[in-house]
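Letters A, B, C, D, E, F, G and H name the chains as they come in the text, with residue numbers starting at 1 for each one.
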Amino acid sequence: MGADVLIILGSKSDIDVAKKAAERLKALGIEYKVEVASAHRTPQRVEKLVKESGAKVFIAIAGLSAALPGAIAAHTVRPVIGVPVSGKVNLDAILSIVQMPPGVPVAAVGVDMGENAAILAAQILAVDDKALSKRLSEFRDEMARKVEAASREVGGI
Amino acid sequence: MGADVLIILGSKSDIDVAKKAAERLKALGIEYKVEVASAHRTPQRVEKLVKESGAKVFIAIAGLSAALPGAIAAHTVRPVIGVPVSGKVNLDAILSIVQMPPGVPVAAVGVDMGENAAILAAQILAVDDKALSKRLSEFRDEMARKVEAASREVGGI
Amino acid sequence: MGADVLIILGSKSDIDVAKKAAERLKALGIEYKVEVASAHRTPQRVEKLVKESGAKVFIAIAGLSAALPGAIAAHTVRPVIGVPVSGKVNLDAILSIVQMPPGVPVAAVGVDMGENAAILAAQILAVDDKALSKRLSEFRDEMARKVEAASREVGGI
Amino acid sequence: MGADVLIILGSKSDIDVAKKAAERLKALGIEYKVEVASAHRTPQRVEKLVKESGAKVFIAIAGLSAALPGAIAAHTVRPVIGVPVSGKVNLDAILSIVQMPPGVPVAAVGVDMGENAAILAAQILAVDDKALSKRLSEFRDEMARKVEAASREVGGI
Amino acid sequence: MGADVLIILGSKSDIDVAKKAAERLKALGIEYKVEVASAHRTPQRVEKLVKESGAKVFIAIAGLSAALPGAIAAHTVRPVIGVPVSGKVNLDAILSIVQMPPGVPVAAVGVDMGENAAILAAQILAVDDKALSKRLSEFRDEMARKVEAASREVGGI
Amino acid sequence: MGADVLIILGSKSDIDVAKKAAERLKALGIEYKVEVASAHRTPQRVEKLVKESGAKVFIAIAGLSAALPGAIAAHTVRPVIGVPVSGKVNLDAILSIVQMPPGVPVAAVGVDMGENAAILAAQILAVDDKALSKRLSEFRDEMARKVEAASREVGGI
Amino acid sequence: MGADVLIILGSKSDIDVAKKAAERLKALGIEYKVEVASAHRTPQRVEKLVKESGAKVFIAIAGLSAALPGAIAAHTVRPVIGVPVSGKVNLDAILSIVQMPPGVPVAAVGVDMGENAAILAAQILAVDDKALSKRLSEFRDEMARKVEAASREVGGI
Amino acid sequence: MGADVLIILGSKSDIDVAKKAAERLKALGIEYKVEVASAHRTPQRVEKLVKESGAKVFIAIAGLSAALPGAIAAHTVRPVIGVPVSGKVNLDAILSIVQMPPGVPVAAVGVDMGENAAILAAQILAVDDKALSKRLSEFRDEMARKVEAASREVGGI
């Protein structure tokens, strides 16, 4: 497993959020791997995936009582990014991921924000990787240009 | 470990809620054991306690992103009762415990309701234990008498 | 009434949640019965159904101010599992079911989680039934296998 | 039981909210009676109190999963006023009382607003009682005068 | 204006909720009138409608910052029933209606529960009207029969 | 009434929030007047105060179902600033003030933020008053200096 | 840039809310300009637009963690009106905009209420502009007439 | 500025949360610096601190409409950790920090969890620092031992 980022989905149904993460990682030139593992249905699988992975950063995508990011964090001191998946309540997944107890943090991003999880993972990997840092800056510049282009479009209303 | 109920606290600070559970179990004549184990700080300890325990019912007490009840449920098919502990947000622990994903339920009781967790554990054990069932009925009768006594007290306002 | 589990719906409109419970009970080989009874529109019917039932576990499915699980619990010391049904607010049914007062617990499961109610009922019945306990373990194993299969599917994104 | 209003508390601990109701009823010259009865601990007592009561209006005061107002409403077609009692969550009692299912309404007032429950009861009784209606109007005038007096006090800041 | 109940909508868009109220009032043989008036856009119209109305009970239907029920209550000591209308937030209308300040209560019913507002209005009018009280009891019996019929339908799942 | 700003409190108990507004207005050299008037207890007083006032901006301070800002806005096309006052729920006052219906806006500021209401009022008055605008800029500069001073203080932790 | 109002959208996707603001400003005869600028993606652009703008009032439209209104307010002492845009959570944008810290207020209006932002901007500009004030009063009168017309339509239900 | 972590407080009043972060960083042997800077009161100061800082990770601590973490993230592609500070609402700071828009993530940790922010910062720095990674593992082990010690203490209840 040579991937720098391991994306774990709590359920196959979280695939759309995972795809947004995968696409952004790919665009930033970061190697990743995707697995499904459930904190509640397959706790040993979560533990095994985490411990055997050589990943430097984990992205965990889960809804409802989203225990997956915390379950991963319990088995590694690598940074774990948690993405709450939207559902019937939404506050459940947000609060389950962000309100971690003292000592074992998870880095929570917004509801369904798979892309932001990827960018945060890239920012973490870029701490000691100037080339990646440069690609992130270029991505920022590109976003800025899109905002300016959008501004020209809406100007006429 | 001959105890029928194993109470696990996510943190020593949850002790007051645990005491309410312990007292009610004692009063109902049920053997129990109390341990501290954290889903996030000591995941293996949770797994070990659950798998080595001969307990028929588990009570898990935790606040914040209260992953403990679900983490216990992930390692057993015994009934797991989850007690959310109050804090700065409250909805975090309630929703983390009640909103379990399909396939691995937790039986959630109310915020800080250690006593209700004990009664629910007793009700579960009483399914095939007529003597315990009778003690539960007597406890109900006693509560009803207290309500009537309270009614006489407040009648004068 | 020889059924071990009595499923009570607060309203016919909760049928889809009830079906998920019924299917899982059937798959686990547990006898059940389904009734509609409303805590508010037919309180005597609720009382009668509960008192005359020989069921060992009750599953109550209700939305809005979901009083049904508590109303059932008020008439029995058997375990009562409450399933909040989703609607315009959702927190109403969740909190109505989980926040029971001291002395009369309800075992709350997640919003619309009829299947989890069935599994929890099975877990309770399995406390003294090794064959059922084994079926529950097999169901867990089957879920784990599905997670692994799903993992292979999503690996390519 | 000649009282026009029956105040029922779900628990003795709700006494302060009940006192505010009782004082306002007294001031408005309305006969009332106060009882404690719990929808969950003493369902028969609730039913008996409601059915044997000759009260024209019921005030039900309860916190948490506040089933009491609905339980009373289930046994009478008299108007039932529900007062949510504050606690660790607050939205639990508010939503449990206000979100009644179709067919069996409860008249919800604000958190801990025992006095408003009394005034609403008086307004209901005053529909066919001109003298009481006049006392309610005088109470309104008195409140208005207090607002004006308060205005003079704060004018100097 | 000989109608016993005046239904006021905050906006024409609340018509569906109003219809449910109107139909139930009609079925119960209660005279009603329907008006649109906005607490914010037409405060004088609200005042005029309320003061000139001979209605014994008011039903106010409004969403968002639902000030209408309170604005009506400010101009009368007649009972005012408030119906929160669902929208993008829902808690806004519920809390705006239920959390009235001391001295001026509104009787809040559930989100979009126009029918319950009508039944509550009928219950208030029935305090001194035995014939109406009997019709309400018959409506209850009819609901109970429907629950039993529904029970027979779902029994087969 | 020569004051540019009229501060209206829904209740004398909101005085602390009003004082923060008054102090800031005074410091910015703006004439103001303070009154108590309740949208629910004294609707005519609200109307009279608003219509007879020559104020250019209104500040309305209220808690619970905070109808006061909207009630003022209903009687004037002057800008109305609403300040939600904290209580047992908080979301009630915030949502009641911010979620105004189409056509009649209120400018909501944060919970208990009397000072921000004053600054916003000053910003509105400064649209055509360069001297006041300059005082606001100076106040900003002063805040910035305080932040820098605070930074020096905390630097040592 | 001679426009009195500058509307800034956090994202092109907020266009529908912006259009409602633009249409109302146009109808009230107020000059405006529309730009897209993101507090997070283009902070310098926000600063530049605000500082170079001669606008008297700013309208900022943003969803999620809606920092844009506050970011604009940080660069000007002109009044800034914030419009929360609806999404998966809604409370995020509402609270991000309304709960500004001491010293830098934003005038929050309701979710998606672009039109109300425009009216509030007009009310601010009308403080010293009698002609505009008159147009606002006429718009109020027109709304009132529409309410009366709507009342005639619904009267028949 | 040779510090690897720059802690920025939105206000001096957030000092207690900052201290918990500082203590943990110190214990882990990480160089840090503490500053106060407000996204709303001193936006240029935030920009200057971020751009001139050589820090590899930023920790931003803020309450209310907690724009600070996002404002920092807008000026750097370094990882930014946001800590919501508790107040009268709590959901405001949590949602403001976690619900960042696409493209500019913030790593949110729990309410008042300064220590977790420090640990997450350390985990990020440890991605390419084996010695730090080892210290983090030792800290985990120490926490685990404390849990076991706590378990022995509570065992007697």
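Heads up, the rule we're going with is that contacts are C-beta pairs under 8 Å (C-beta built on N, C-alpha and C of every residue); 3 or more make two chains touch, one makes a residue touch a chain.
Just so it is clear, the structure is predicted and the values come from calculations on it, not from any experiment.
Student: Chains shared as neighbours by subunit E and subunit H?
Tutor: Common neighbours, subunit E/subunit H: F, G.
Student: Report the chain pair from B-H, A-B or D-E that duplicates the B-D interface, where duplication means over half of the contact pairs agree by residue number.
Tutor: Comparing residue numbers across B-H, A-B or D-E, the repeat of B-D turns out to be B-H.
Student: Between subunit C and subunit E, what is the separation of their C-alpha centroids in Å?
Tutor: 34
Student: Suppose each chain is reduced to the average of its Cα coordinates; what separation in Å results between subunit F and subunit G?
Tutor: Chain centroid spacing, subunit F to subunit G, equals 18 Å.
Student: Indicate the whole-number Å distance between the mean C-alpha point of subunit B and the mean C-alpha point of subunit E.
Tutor: About 42 Å, centre to centre.
Student: Return the residues of subunit D touching two or more other chains; collapse runs of consecutive numbers into ranges.
Tutor: 11, 38, 41, 64-65, 89, 91, 94-95, 98-101, 103-104, 110-111, 140, 143
Student: What are the touching chain pairs in this one?
Tutor: Listed in label order, the chain pairs in contact are A-B, A-C, A-G, A-H, B-C, B-D, B-H, C-D, C-E, D-E, D-F, E-F, E-G, F-G, F-H, G-H.
Student: Which stretch or stretches of subunit C touch subunit D in the complex?
Tutor: 10-11, 38-41, 43, 47, 63-65, 67, 70-71, 73-75, 89, 91-92, 95-101, 103-104
Student: For subunit F, which residues count as touching subunit H in their complex?
Tutor: The touching residues are 86, 90-91, 94, 110-112, 140, 143-144, 147-148, 150-151, 153-157.
Student: Touching residues of subunit F toward subunit D in the complex: what are they?
Tutor: Per the stated touch rule, the residues are 9, 11-12, 15, 18-19, 22, 33-38, 41-42, 45, 64-65, 88-89.
Student: Spell out the residues on subunit F that touch subunit G in their complex, using ranges where they run on.
Tutor: Checking each residue of subunit F against subunit G gives 56-57, 77-79, 81, 94-95, 98-111, 113, 115-117, 119-120, 123-128, 133, 136-137, 139-140, 143.
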